[in-house]
Amino acid sequence: MESLLIPITVFVLASFVGFEVISKVPPTLHTPLMSGSNAISGIAIIGAIIAAGETTGVLSAVLGFLAVAMATINVVGGFLVTDRMLAMFRRRPDKR
Amino acid sequence: MESLLIPITVFVLASFVGFEVISKVPPTLHTPLMSGSNAISGIAIIGAIIAAGETTGVLSAVLGFLAVAMATINVVGGFLVTDRMLAMFRRRPDKR
Amino acid sequence: MNPTLAGYLYLIAAALFIVGLRRLSSPATARSGNQLAATGMLVAVIVTLADRQILSYWVILAGLVVGSVVGVVLARRVEMTAMPQLVAVLNGFGGGASALVALVELGAGDDGTRTLVTVAISVLIGAVTFTGSMVAFAKLQGLVRGAPISYPGQRWGDLLLAAAALAAAIVLVASGGEMVWAWTTVAVTGLLGVTRVLPIGGADMPVVISFLNSASGLAASAAGFVIESNALVISGALVGAAGFILTTIMVKAMNRSLGDVLFGAFGVAPDQADADDSEKVARRATPEDVAIALAYARSVVVVPGYGLAVAQAQHAMRELEESLTARGVDVRYAIHPVAGRMPGHMNVLLAEADVDYERLYDLDDINRDFPHTDVALVVGANDVVNPLAREDPNSPIAGMPILDVDRADTVVVVKRSLSPGFAGIDNPLFYLENTMMLFADARQGLAEVTAAVKDA
Amino acid sequence: MNPTLAGYLYLIAAALFIVGLRRLSSPATARSGNQLAATGMLVAVIVTLADRQILSYWVILAGLVVGSVVGVVLARRVEMTAMPQLVAVLNGFGGGASALVALVELGAGDDGTRTLVTVAISVLIGAVTFTGSMVAFAKLQGLVRGAPISYPGQRWGDLLLAAAALAAAIVLVASGGEMVWAWTTVAVTGLLGVTRVLPIGGADMPVVISFLNSASGLAASAAGFVIESNALVISGALVGAAGFILTTIMVKAMNRSLGDVLFGAFGVAPDQADADDSEKVARRATPEDVAIALAYARSVVVVPGYGLAVAQAQHAMRELEESLTARGVDVRYAIHPVAGRMPGHMNVLLAEADVDYERLYDLDDINRDFPHTDVALVVGANDVVNPLAREDPNSPIAGMPILDVDRADTVVVVKRSLSPGFAGIDNPLFYLENTMMLFADARQGLAEVTAAVKDA
Amino acid sequence: MEIHVLSPTHPWERRVALTPDMCRRLAQKGHRISISSGAGTAAGYPDDSYEEAGARIGRQPDVDLVVCVEPPRLEEISAARAVLGLLDPLGAPTHLEKLAGGGAALLAFELVPRTTRAQMVDVLSSQASLAGYEAALEAAARCDRIFPMLTTAAGTLRPAVALILGAGVAGLQAIATARRLGASVSGFDVRAAAAEQVESLGASFISVDIESQDASASGGYARELAEDTESRLLAGLYDHVVRADAVITTAAIPGRPAPRLVTEEMVTAMRPGAVIVDGAASTGGNCDVSRPGETIVVDGVTVSAPLDLPSRPANHASQLFARNVSNYIDLITGEDASLAADVDDDIVRESTAARGGELTHTRINAVLAGEG
Amino acid sequence: MEIHVLSPTHPWERRVALTPDMCRRLAQKGHRISISSGAGTAAGYPDDSYEEAGARIGRQPDVDLVVCVEPPRLEEISAARAVLGLLDPLGAPTHLEKLAGGGAALLAFELVPRTTRAQMVDVLSSQASLAGYEAALEAAARCDRIFPMLTTAAGTLRPAVALILGAGVAGLQAIATARRLGASVSGFDVRAAAAEQVESLGASFISVDIESQDASASGGYARELAEDTESRLLAGLYDHVVRADAVITTAAIPGRPAPRLVTEEMVTAMRPGAVIVDGAASTGGNCDVSRPGETIVVDGVTVSAPLDLPSRPANHASQLFARNVSNYIDLITGEDASLAADVDDDIVRESTAARGGELTHTRINAVLAGEG
């Protein structure tokens, strides 16, 4: 239990930050925000790298490769696609 | 350095929470909010209690007593006075 | 790398995530927020590569390269309209990765109970996220019927599956990490993801994805407990909490409750409920959506109609005009000759609201400009913007010149429902791709849009 | 008590502080927020008493009892108008306590460098908070002249003092915790607090207090590092950050910058700057203040004047009326016979904005009601609400019947400055205790108030 | 085609059927236009402005189409192949019959259907708008109270109470104008849809419980009420009328005498100084005592029943009229800008009152039968 | 005191100096009131309404105060101790001299100072407001265009262009009324403060560069312009006047003929069908061609110079007038509701034109000297 106090403290505080950070989001931003936070949750890539780095057998190598690849797709695709969606918020250039 | 990583992490996260938690405050709430957060900063009372509890000499006992008393004034007075200030936000009763 | 240094760098990455997420929730800063978050991710990945004792770089490198290529291609190629699907897929991959990491960890063997518990949690959430997201994708992409799919007794079936998944996970922990139980957990949980999402209507999919996203954040956080990485704990908790808030916001915007969406079994898409014809779907918008469309436009043409008069929304309209022009948006009014119920009906109202005569344009003058107009804002008008007048020679309004709002980039229509106007005929304008419907009394609706413009 | 359990309880206390602070920043939830935070504090104190090895309870008990009594008496007795002073005193005590704790710790001897550094920080911040707050109190209470007090070369003097304080603190650490250096630090820093705050104008005191409050939060956090208490670290950081944000918000609301306030040396109170007579002070309000006064009122009487016409603010006024009535506030208009510059001037404007005739009241009808009115909102009117007409028989407007807005609980006046109206005479209404001045163009100002009402 | 513009004949008629602007527009399309000398003077268009626009002054020998703002005399349309204008087919069907004898096709604006597309040629609507505006001005000018509320140092004047009966095109415009002037306005009509329309102008609708169905007929027109319904209606209106400072009536039923809405009893019960403007004067008036074309004072109440309301803003009225005429001409223009012999267009079909010497319109024949 | 209300004498004058309501109010304060028979009829107050209010009909023997809306004849005020009303002291000082000979104190509303407190008895202001409103209505009714913008299926009518010259009390009200009707309104005045006031009604102010100082005189009045300034002014106004559909003039200088603002040249250059309403007719008119009391048409332009503007809304005008009179009577009421012999009040002092047979007012004497 004791050893969990610190991570739990951190977890609680981070959750508070998460709750506070999002307050009034216009619906048009729902999808980009979801996509962006999804990309952040791709932080699991760290776990994937560590796991893949430790692999010994073939199966685990395959699984490790898959894990890294999927996590990378999530991260790279996620941030890029979010950026694309957000491009619309640049003021439109004069068309006339 | 290593031993500081955890408290610093906690400190950073708590600061983020602090920054986020206050966003748009109407000026009428400035004083109550200041007073309330001042009461919270009276958390130093914990330090005062611990310090006073450890005292040995007379001087330190006096100082300890003063520390606890001052911190208590801060805490008790702070919360009470904040509450008084906030009483105005109840809807006024019908006067006519 | 010095692990303490690594710790501080992870903290910086986490801080970047926080700031990034914060900025992502406001239109003006969203882009930079996304970039900050991406930077944070880069930092985290590099630190991980440098810090940990990596045995084989090849597997990692292969994974990174393949993943990046696929990711870039997906992000570039997919059409703007298919974004929700794409996010579903990406989310699924994230969940899948979490589950796989747990499986690999397990394969490495020699784990304490605490690790096993977290592994189990990761597998549970990861697998359900993966299959659930994939089903969501399939529904959105039209590979599976969008309408809710379920079977009799679905509720009990799902409960059973959930119990089974939990049991498998518990056995997995109890058995000290038997691989077979891990796979069993994956299988059962994956199945649960499928059967749980199939009965949810297509229009609710974004909520499901957001929910699963929040869950995958928690999974990442759980992983953080295992590998004792505060970076994971923080980012995971952050996404978990933010995702949860976002989910509730989305649900609220749809006037639903979360339980409703996830367990309503036969939840029908509200967008479609309004359409009187199942093939034509009108896109329902919120005042905030409309506010953003208007606030970021260069030119807006307002088309007032009888509904503006009925709602006595002229003052509200004027107010909106002011807040838009204050932002530099060019606002004009297009007055159709027969808008309203008497000649000059709109003139009377707009004069009362003191709208500048210079801003009023006749049909002929403004029709030329619609193709260069960012947003046409139709307020309580219907017949006068009905493209059938141009297209259908048998329509009762055939031959009447109309305001060609459908040629604007975006059309916003403010009215209470999809019901017809004076001429009593349906209006195909409402079902166009580039039309957003704000269903509201014009006065109320415009006031809300004005309030939202101030926050946009 | 099990230290782990204590740790979790402290975490709960910290969570209560967070939620409490969050709720404190919105009028509707502020009270409950304060109560939550107080509960958190109670938890923290009890846990501390139970957890730590307390040698002598007597000292603690004595301190708690004395402090509580004094705290309760202060909080009960002090008049509402003296609140800022009281907060200053309380804040000073908080700072003093921090400093004392550090001194006691030091007296306990046998400290590592890290402890010493934190002790030094605590002493520095604590002492400056104590004396600074006390000076602020004295200024606000009128014990010391409210106007800035300074001496030539103040800046250099302060710099010197700051350097000396820092030096003493460094020596304190270097000396391994010699008590004498600690006291030196206290003395020098305390002096700095006095000389630094004296040159700041009375109206800026709230900012100073808020800033010192933020600093004392940091001091508490520093103490948390020493005694390895996450509760202190979190609460301290929370208050430090929140206090800092609050300080910047306050500074912004005054249209100043923080540097300006703290180091502007001869900063003059902006409130007083506008008064043409140093004795009469008009209370400047922000749109948010006005919004709260209006939104929580039961009855509001609007008094439009020539300024409403000049600003063409009739539509904005109507908009405000609507958002207030939507909240259930009773809004009426009092039309003075000679308001404006032509007979019926106000009628024309309000009719244009479609204000209901039923809401318009004549002078005789409404004057009876002002004593039962929560807020009188005077928009660009001046002569027609000038109490001199009643009171000063030599005034050029003597004998003219006026609208007795001064009899309402609160008067809000919206105009651009304190300059006189048509009759060219000053208006004592503006300097009444219960009058708030919103200095703005009427149209702009009312629009801002309307926006703020929506958030109130 | 060869188009000729007639001069108005009634002394108070100041409108003209085509403005120089529209002459120019038609000339561009290949038509030739002539105009009776002085036809446009009263509307602010002297002869030379027409000449500048390419029209000739005076009658030309071969005329395809004669356009007019009032029913012409037979000799004025001799040799024309068609006549377009306000021909009063339902009000003066016998005169129309005589005109039809001349053999020309008679195209009457009064018969234009009330479809959305037909609005561009709907002279009744365009002129009724102006009439409603002028009716409100007339009421304001003749009332011994001002319309707006006025708070002054000499006391407060309450806004005048204006009541508009009949909320068709003219009535709605009268409501809008009276509201603009600041009066406290209410409106009434027998058609159910009118309530929302009145309220859409910010005025209030008077609901009179006449225990009958909605009296809407086809095409947006109303139908006549049964006798007992009418008396219930009058009873219900009594209080409202008597309390009003200004009553404006615009109620009409096509081809029928104007419905009775203000009785003599009501007039006598009204405040001296109040005013009634009867906008239905041309079909007999909605008020018992009104004398079409005259302004009289009955028991202190001014009763004005002008016939020239749409003609008062002659310049603007002619602009709208001319645009309607020009739009109509587009409908009957065949190849080479000639007059098309037979047009398959419901607007033209329905508005054709006579063709080849015969009255072709069922409604006219019905009215003639009723009269005979 | 004993108060008598005279009948108006001019044929177009329909106002009355006291309404039944005010009679009641005065009676409550202890005054006795009589009224010439029929004095209030034209304003909507028949004799019996006065009787109900406690007034007697017909002249009583001993009268302290005579109140009137127009300068009375000498015989009408015989034996009265004081006369209160519009006495035209600056316009017809010789008549006033004659009246003064009767020995009664003459209290002229025209001389009331323009202080804030005096507004409650300021008949000029209260009546000018109504005059301004009526002037705008007159312009709208006589114009051959409608004031508001109108978008219809028969084309769009642009809003009429209305120009108001002289933005005093009447001018501002005319601006407000024309704006209400939807016209595109601009205003002009020589006083510098007028610009902001015009704009405070949402209209635009015309700035004419007359290279002179602000022409404000004391009390909110204007002063006459030097001759070269005047010609520069006329040159500057030319374009604006010529472009307007309706011009309303209300410029005046107390005790002087109305300033010239619209020349004959401008009138001829205006569009036929446009209209000029000269609100300064009683002091000669602001327009060269206007004939006070008549409406003429010059080159197609209607020039109306009515004298009865404030009298048109007779009922409302009388209400305001009566309230002013009643407020004034309060000022000169001594103990026991008697007429106070000598009042120390600046309003009364300044508005006393004659006392004890002598003209006491310097301005009148100045005008008389100028005339003589």
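Per-chain numbering from 1; labels A, B, C, D, E and F assigned in written order.
We take it that a residue touches a chain if its C-beta (ideal position, glycine included) is under 8 Å from a C-beta of that chain, and two chains touch if they have at least 3 such contacts.
What you see is a predicted model; the values in this text were computed from it and never measured.
Taking the definition of touch as given, a chain qualifies here only if it contacts chain A and chain D alike; those chains are B, C.
Interface comparison, D-F against D-E: more C-beta pairs in contact at D-F.
Of all residue numbers seen at the chain A-chain B contact, over half occur in both copies; the interface is built from largely matching residues. Between the Cα centres of chain B and chain F there is a gap of 71 Å. Here the CA centre of chain A is 36 Å from the CA centre of chain B.
Separating the centre of chain C from that of chain F, both taken as means of CA atoms, is a distance of 68 Å. Mean C-alpha position of chain B lies 79 Å from that of chain E.
Of all residues in chain F, those that touch two or more other chains are 119-120, 125-126, 129, 148, 150, 152-155, 180, 182, 202. Within chain A, contacts with two or more other chains are made by residues 9-10, 12-14, 16-17, 20-21, 23. Residues of chain C in contact with at least two other chains: 18, 22, 230, 234, 312, 337-338, 343-344, 348, 351-352, 354. Annotation, chain-chain contacts: A-B, A-C, A-D, B-C, B-D, C-D, C-E, C-F, D-E, D-F, E-F (touch as defined at the top). Residue ranges on chain A touching chain D, taken from their complex, read 1-2, 5, 8-9, 12-13, 16, 20. Chain E contributes residues 115-117, 119-120, 125-126, 129, 169, 172-173, 176, 179-180, 196-197, 199-202 to its touches with chain C in the complex. Per the touch definition, chain A reaches chain B in the complex via residues 6, 9-10, 13-14, 16-17, 20-21, 23.
If you check the complex, the residues on chain E that touch chain F are 14, 43-44, 46, 119-120, 122-123, 125-126, 129-130, 133-134, 137-138, 140-141, 143-146, 148, 150, 152-155, 157, 177, 180-182, 271-273, 300, 312-316, 319-321, 323-324, 327.
Against chain F, the residues of chain C that register as touching in their complex are 335-339, 343-344, 346-348, 351, 354, 357, 360, 362.
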